[in-house]
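Read through the structures below before going on.
Okay, so subunit A shows up in both of these, paired with subunit B first and subunit C after.
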Partner chain A sequence: MRHSCFITVGPARFRIGSDWRAPIDQLRQLYSDYPLDEGVPDFTVRLQATSALRRVVRPQVAIAGDFTLPDAVPLPLEQGLLAAEMAMNLQMALGWRRHLLLHASAVSRNGRAVIMTGVSGAGKSTLSALLGERGWRFLGDEFVLLDPDTGMIVPFPRPVSLKNTAISAMEREVDDDTRFGPVMRDTPKGTIRHLRPRTEAVQLMARETRPALLLFPRFGYPRAVRRVDEAESFVRLTQASTNYVALGERGFDALTGFVRAMSACAIDYADGEEGVEMVERLWSEQGAKTGARAAAA
Partner chain B sequence: MSVLRFAALPETALKRVPLGGLEAIYHVPSGITHLLAEPVPDLLDALARLGPGKAASAAEVLVAVAERFDIVGDDPGEAPVAVVAERLAELAQLGLVAVRHDA
Partner chain C sequence: MTNGWSVARALTDPGSVAALDATGWTHLLSAARALSLIGTLAEVLADAPIPPDVARVFADVRHSNVAGQRQALWEAECARMALAEYPGRVVLLKGTAFAAAGYDAALGRSIGDLDILVDRGGLDQVEGLLLEAGWEWVKPDPYDDAYYREWMHELPPLIHAERDRMIDVHHTILPLTAGPTPDAAALIADARALPSGLYALSPADIICHAAAHLIADGDLSGGMRNLWDIDRLVRQFVVEEEGFSETLAERAKLHGLTDAVGRALRLSAQLFGTPIVFRRKSESRANAAQSDPGLGLSPENSRVSTSDTLFLRRITAVDGWGRKTRKLTRQGFYIRSHLLRMPPAMLARHLWTKWRKGHRG
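Our next item is the complex of A and B:
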């Protein structure tokens, strides 16, 4: 490849190659706080032209690499950064075996994590991004990595993929414009802009965290809280995991241990402010229960 | 007419974890996870108590679980032994119990 860079996020190391310079420059800007040292990568991603002509004439970026989807549609070069992000997600989703992967976001405070999972559009990314600006450590907005051996959460704090109305919400929240990537319009998911997490989240990304609270958020609905039992949590998380089946017995042990160790709630919220307030409230209640149990013991 | 008899799988074939009122069961040979409600896990327990290689008919299993459960089918007229036989047959189809045909 003509242009390339290495990016390390949490335990995973990526080598990104490209036929064009622009996506690599954008990645270097977006990941400027991350380790970019060269070494043996876990995954290689290639952003390549669909034909020699397409490198210069209305350039189209096709995703290639260790793991690919046969029907992936090429993206215009202006969305090359998005292509790289999608390709990195794909490598993790299809190739990562060291941890149980949950399609979820996570933040932590005082060494204990809140895990938020839901379908695309449920607001888990935005909620984790908001909390990450308000005193919580951002652990990731796309994948939560659960260590089957220890039950700990391994941070994977990629830049947050903000979509549509979440972009303006986070632009109001974050003063530092250098933390944002380029605005990409008319993508398959609408308008997208990436936000680099706070520096501390990246500096601490090797520090694992114990899971404490599991939430199933749903954005855009009247306020509601419902307790979710272990069996429902288990079923929903098997659906939210990209590698539960591939991990076999390790995945079963990890996930059953995970849901049995935590309180879980489904929360509906109308907007980001209400979502943050609800997470804070549930967190306080959780802390009070934990404290009461410790006192009783 | 042959009588179906059921037996537990080897102990290492199933991993069972209670999750609230249900039970998650990982079938090691196939790698498939099942989520089962009462009284199905109790049927597995009853077969496991027989010991390795021992089999029981639905009627014998019914006796073993009758202390804990009033077995009632969707149809109130259905005999309890028929309900247990249906559940055991379903478990056999899933590969979670072994089945034998005794002449």
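Our next item is the complex of A and C:
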């Protein structure tokens, strides 16, 4: 294709080709901290014009690549970066088999990870971005990769996809303007702006971490905490996984091991500050329990 | 330049990949994916020396292969259970049949929908049983539904509500509007029983069906994979089935598919070196002396025609990004596929209806 680049995120290397220069330039900018070296990619993504005419006149980006959805709606060229991100997500969701893929965000501290999962709009992405600015290592806001053999979390720290009100919240939080991508308005998901994680998160992305706490956050509700048992966690995570069925028995073993290895809570919170505070508190209690258990043993 | 021929070379000569650099591999993988042959390539190259990043991609693909075939066979089992009351034979077609029969062609083959063949007289009962067992209509459009029922060789596709898998219920192997009229009753009568109680077409009929599907029906978009099926199946049947060439010639004639089978075999010989060239019955005696056991090689029949070259251009039209290339050739074959299916007046009516629907939104 006319324009192309390679991007490596965690264990996955992408080759992105485009009929236009702009999306590739934007990707290079947004991913400037990431390894961009060429090599045999895990996935190929194509941003291609819906027709020869549409390359020039009111250009429309069709999302294509190794894996495609038959009814994917093309996006205007101004949203080319979003198209690339969606296409990369799609490749992972449909093609990745090395890990159990959970639709979740994650951060870690002292080699122990908090995994946050929920439906779109539950706030898992923003919460992980906030924590990533406040002393936690950001592991990813879209997919959590669980190694079926070791039970470890493999970081996949893509740029955070901030939506609507989360954009201004993170603009207040982050001083460095160069970490933000372009503002894309009127996308199918509203206004979107990407935020590149802190450099350390990218530099450490090959380092795996052990899962320690599973949260089901819900943004915009009065504060509440509820224990979630293994069975409920398991069922909710099968729904949050894009490749649970495809992995067969490996997926089942990985997921049962995962929900048994840690405690889980559903948390409702009214705003970001409250969310961060609740995660910190649960984390400390969890640490105290782990410490007590270690001491008892 | 990477295209379908690059994939054919890697499949038929696994040693040749040793010469590939990172870019060559990248292009090969993308082209193979676009041709639905990545699963096959991963299996064929399982023991070839390959770079580590390619090996990781192939490991994922081979995981998908195993899961895909398990799912396909489970889907066939679900259909068998749903149709337990149906007294006629339920014949598996295409990929699921290859996997269920344990044919070499199943190795690494991706399997999409479940395709079955039943007697036309039993269609209503089969349809009713499937609907009872949780399958439902995909296309609620009345025109499409009526079109399928009147003119096609299969029911409109059904999808299972819980498992999200499609089933195509055929009553013959070509649309009723196509030129050749295969003998559907003979297809079912000659089918071979599988351990599960389901059936698969006889070896010669499997080749006839593959050729009919490729040459006399669609626009050749899955042509490479189709020809690879034919190559693998023919190689196996020539060894395992006594008098396979003759049987194939007879069955092709019976189904009116002599030209289609001849064409398919010439194309697969070109791409994959398939060690058989199809003969018509009348030529078989003359050539019997020079042929190997089971192989009927006739120089006259194996000559590649100009139109074969055009078919090959269409079938191998892919690039190192997995894009379809040679747009004009592809469009030509797309139009051909419609002409094959419908007489001109009917085609005009069909396109007019579809066009008006499109403009109604």
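Definition applied: the second predicted complex is superposed on the first by the 297 of 297 C-alpha atoms of A that agree within 3 Å, B and C clash if a C-alpha of one lies under 4 Å from a C-alpha of the other, contacts with A are read in each partner's own complex, and residues count from 1 in each chain.
Following the convention adopted for this analysis, contacts are C-beta pairs under 8 Å (C-beta built on N, C-alpha and C of every residue); 3 or more make two chains touch, one makes a residue touch a chain.
Because the structure is predicted, anything quoted here is derived from the model rather than measured.
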Based on the superposed arrangement around subunit A, label subunit B with subunit C as either clash or fit. fit
Max touched-residue count on subunit A (subunit B vs subunit C) belongs to chain C
Once chain A of both complexes is superposed, is A:97 in touch with subunit B (first), subunit C (second), both, or neither? second
State whether A:171 touches subunit B only (first), subunit C only (second), both chains, or neither. neither
Which superposed partner A:280 touches (first subunit B, second subunit C, both, neither): neither
Touching A:253 in the superposition: subunit B (first), subunit C (second), both, neither? first
Is A:78 touching anything from subunit B or subunit C once the two structures are fitted on A? First, second, both or neither. neither
Between subunit B (first) and subunit C (second), which, if any, makes contact with A:229: first, second, both or neither? first
Using the touch definition from the top, say if A:238 reaches subunit B (first), subunit C (second), both or neither. first
Shortest CA-CA distance in Å separating subunit B from subunit C in the superposed model: 6
Where on subunit A do the contacts with subunit B and the contacts with subunit C coincide? 248
Which positions of subunit B touch subunit A when the two form their complex? 15, 17, 19-22, 24, 26, 28, 31, 33, 35
Which subunit C residues qualify as touching subunit A in the complex? 22-23, 25-26, 29-30, 33, 51, 53-54, 56-57, 59-60, 63-64, 66-67, 70, 321-323
Mind pulling up the subunit A residues that touch subunit B in the complex? 229-231, 234-235, 238, 245, 248-249, 252-253, 256, 259-260
Within the complex, subunit C is touched by subunit A residues 1, 13, 15, 17, 38-42, 44, 46, 48, 64-66, 95-98, 246-248
